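Inspection log for the structure reproduced underneath, given as structure tokens.
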Amino acid sequence: MAVVTSARAVGRPRRLDRSRAAGVLLVLPSLLYLTVFVFIPVIKAFATSFTVRDRDDAGNYTYRVGLDNYNQLIASDTLRSNVIFTVFIAVASVSIVFVIAYVIALALRFGRGPSARFLGRIYIVPLFIPSVIASYAMITFLANHGFVDGILQAIGLPDGVFPKIVFDWKGIVITQVWLSLPFMTVLLSSVLLEISDSLIESARDVGASSWQIFRHIVLPLSAPGALIGVTFIFLGVIGGFTVPYLLGPNAPQMLGVSMVYYMTNYFEPYIASTQAVAIFLLSLVAAVYYVRQQFKREIR
Amino acid sequence: MAEVDLRGVSKGYKDTTAVDDLSLHIKDREFVALLGPSGCGKTTTLRMLAGFIRPDSGQILIDGKDVTNVPPERRPTAMVFQSYALWPHMTVADNIAFGLRLRRLPKTEVEDRTGRMLEVVGLPGVMKRYPSQLSGGQQQRVALARALVLGPKILLLDEPLSNLDAKLRVRMRDEIRRIQQELQITTVYVTHDQEEALTMADRIAVMNKGVLQQVGDALDIYDRPATAFVADFIGSSNLLSGTLRLAGPTAVAQVGEARVPVEADGLPDGAAVTVSARPEDMEVLRAPAPDAFRLEDPRLVNFGAYKRLLGRHPAFGQLEARVPKAFALGKEPVYLRFTRARAFTSDEGDRS
Amino acid sequence: MAAQVPALPAIRLSWWIDDARIRRMLLRLFAAALAVFIGIPLLTLVLWSFAGEWFWPNLIPTQWSLRWWQEVLENPRVTNAMFLSFTIAPVVTLLTALVAIPAGYAFARLDVPFRRTLLLLFLIPNAFPRIGLYVSLAVLYYQIGLIDTYWGIVFLHMIGTMVYMTWITTATFRSIDPHLEEAARDAGASPLRAFFSVVLPLAMPGIIVASLFSFLASVDEAQGTLIVGTPHYITMPVLLYTLISSFQRPVAAVFSVLLALPSLLLLIVAQRYLHSEYVAAGLGRV
């Protein structure tokens, strides 16, 4: 007697397969895009940085794999000071914007009254100003014989005393702070919102002053979320081009600017790529932390 | 000594009055419960005592000192929040020790007090754990320990048991009461659960819509409710409307077709009254009487130890009486007579 | 009961924070300083755009004029750049939406193999410094012939927008109660129909916010476009680079105002969507 066994009876339920297939299909286009336009360039950047181009006696180019580019990065005074300059600006910008944004976020969370409300409307403005424009505005604002210089001289500052801010690291930092303020404030605001009122009230109830509440309760509880914002801004500043290009000094340069110069002016894609990888390695810790934390917060 | 005096305290918000002219005196070492439905103003009152809300008018005195304008961190009060409000990033020990460290007590003393307080609340051995690792009941005890370790004069509790399951609630009720007795601390306890209030408190302050209805011990509140609201809110009551008739020292209310003897302190003859009678103060008759009501569609609900007789009255709606478990319904009609009833003025409902 | 715990000593350090009046005053000062810091630079630009003559050390122009506006708006380079910027941005936004919304839905609702790893991969564009990415991409473009082309620019702009869109749409779809979709299916709608009738409308606010940021990101994109777009495709920000470098102050100022206007308009129009959660979703979660 033949026993008919349905193939379906032992297979996986159809519904799940369809869901998986649909899932793959829907994600495929974006994945394809990222592979071609992000992953491949990144891998190429790494590969290029390890490619050394030599010229032989006949004037022909030969290529080999080596660390020469990296050696040049470390040995060259210019390039080395670029690296230090880049890190310094990133750290300075992030620290300053963190403090200012935190004050705003605290005011938004705990403040009442017109000042707090006003802050709530104004901090978001830089978000809508393209970085090119912001940079230019800062140039006219902070240049020697610019607006601030004018105001200060009108109240008595002698000419020539105003420090060099534009085409100097100070200009870059101030502009980056200006541009990063909305993002940092929004992030800190949402982090502070997660701290319930009763946690604050219970601290007041046991006798803590506002400063003590901030130091022992608010700050530690806001730290993990705040760090995500800090790393994101850090990554943005360290790989920035527009602001240092328009507002930075000729030397030292931030790596983003020097990278583009090596690429387009000196036609040296190898050193350019090496600098790209250098920036990446500099921000690796921040990048890893950012990805891990973002992941933990979002994926449940 | 830790006495609390609330004098004419009021607090209003945009279109509502949360607390209306509340005056209450709490004696030293007394356990007072603020009882009422949600929105009655009990939590607002508690938070005004703690200092988180400033009253619009009136005074709050602790031991004779006016603390109306004193911020919470400087009041001799300590609060246990409904959500416990344990700081998630600190261990149990750090949570409790926080206030002690603020006051710069030496390390050994901090550890000493923390350990002792954990024993008082019955939680030795959880010092190093984090709040998220504790059960609801344990978190609650930690919140209690945190409040008590500072040796406050007044302990304030905001519905501390509402997040616990029924069995745990009963156990924690006794625990809290035991700790309060042991420490002899003046306590104000907010709850909407009358069983909690009746079993735990020395005195109960019943509130409704911002107004204090009655203050008294469990027996006062239950047996001699001062307003229709208290009569209805505490235990169960049958409420009927009628007219009061005074005949010398006795008071009788004309309620529908019956003339019911009532307790009616000081109400005038002819007043429109609400009469309230508890289900256990009812007698079931098989024949009509001048002070009894006919019950339509009678049916019995079995509660094991007793039964409830439910039925309808054409004018007064649902009535219920408590009957012994052996009680049975026959085919003859049933009538209810009130063996004990109170009368309140009809329009009051809200004021005592 | 045990001996009394000592009362707190007066906290000297923060008396000034706790005093409500001082705190209010400090906050007022801070708000004023911030208003100056944020507003005045922008104001200066606006003033420059109307400046007929503005010599040092005057604090406002000595002569007002509209002639720079006339010059700019009649300049074919400028109008071309504007046209390019504002036609590229919608294309970029649309393409990104077409690609990212299905992906977002899949991540939120469907069983995608290696879901967690894939989502992680979507964060890489943000983790690698953008300019390094653009430089490497430029090298690739040279090799495959996308340098100095319209689509080359579009695809480059999409790098930034793709990250926003995917994460925001995933979060948005996830926040929609799955029962709503099931109820539609139960009533007889196919999965596609259920998506368009129930899910998409509910996800609209989040998608609009994401699209807004994508649009702005594309209009703002300067550095990558500079590298891959020259010499034939000059967008507004790229043109502004040259104007700034050549020190034509009033012209550059007019141009800046022109470039900033649509963004600010979007700010006003989108006010009602800009709750903290949405903006946080737009920025913080990405």
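Each chain carries a letter (A, B and C) given by its place in the written order, and its residues are counted from 1.
Keep in mind that, in the parts below, a residue touches a chain if its C-beta (ideal position, glycine included) is under 8 Å from a C-beta of that chain, and two chains touch if they have at least 3 such contacts.
Keep in mind that what you see is a predicted model, and the values were worked out from it rather than measured.
Contacts between chains leave no pair untouched here, as each chain touches all the others. The interface with the greater number of C-beta contacts, when A-C is set against A-B, is A-C. Centroid distances from subunit A, each centroid being the mean of CA atoms, peak for B.
The mean-CA centres of subunit A and subunit B are about 56 angstrom from one another, to the nearest whole unit. The distance from the centre of subunit A to the centre of subunit C, with each centre set as the mean of the Cα atoms, comes to 14 Å. The set of subunit B residues touching two or more other chains comprises 71, 73-74, 99, 102-103, 150. Each of the following residues of subunit A touches two or more other chains: 207, 209, 212. For subunit C, the set of residues touching two or more other chains reads 8, 18.
Contacts from subunit B toward subunit C in the complex involve residues 71, 73-74, 99-100, 102-105, 113, 116, 149-151, 183-185.
Across the interface of their complex, subunit C is touched by residues 16, 19-20, 22-24, 26-27, 29-31, 33-34, 37-42, 44-45, 48, 100, 103-104, 107, 111, 113, 115-116, 118-119, 122-141, 145-147, 150-151, 153-154, 178, 181-183, 186-187, 189-190, 193, 207, 209-212, 228-229, 232, 235-236, 238-242, 245-246, 256, 259-260, 263-264, 269, 272-273, 275-277, 279-280, 283, 287-288, 290-291, 294-295, 297-299 of subunit A.
In the complex of the two chains, the subunit B residues touching subunit A come out as 50, 52, 71-74, 77-79, 81-83, 85, 87-89, 98-99, 102-103, 146-147, 150.
Looking at the complex, you find that subunit C touches subunit A at residues 8, 11, 13-14, 17-18, 24, 27-28, 30-31, 34-35, 37-42, 44-45, 48, 56-59, 98-100, 102-103, 105-107, 110-113, 115-116, 118-133, 135-140, 155-156, 158-159, 162, 166-167, 171, 216, 219-220, 222-223, 226-227, 237, 240-241, 244, 249, 252-253, 256, 259-260, 263-264, 266-267, 274, 276-277, 279-280, 283-285. Those residues of subunit C lying in contact with subunit B across their complex are 1-2, 4-9, 18.
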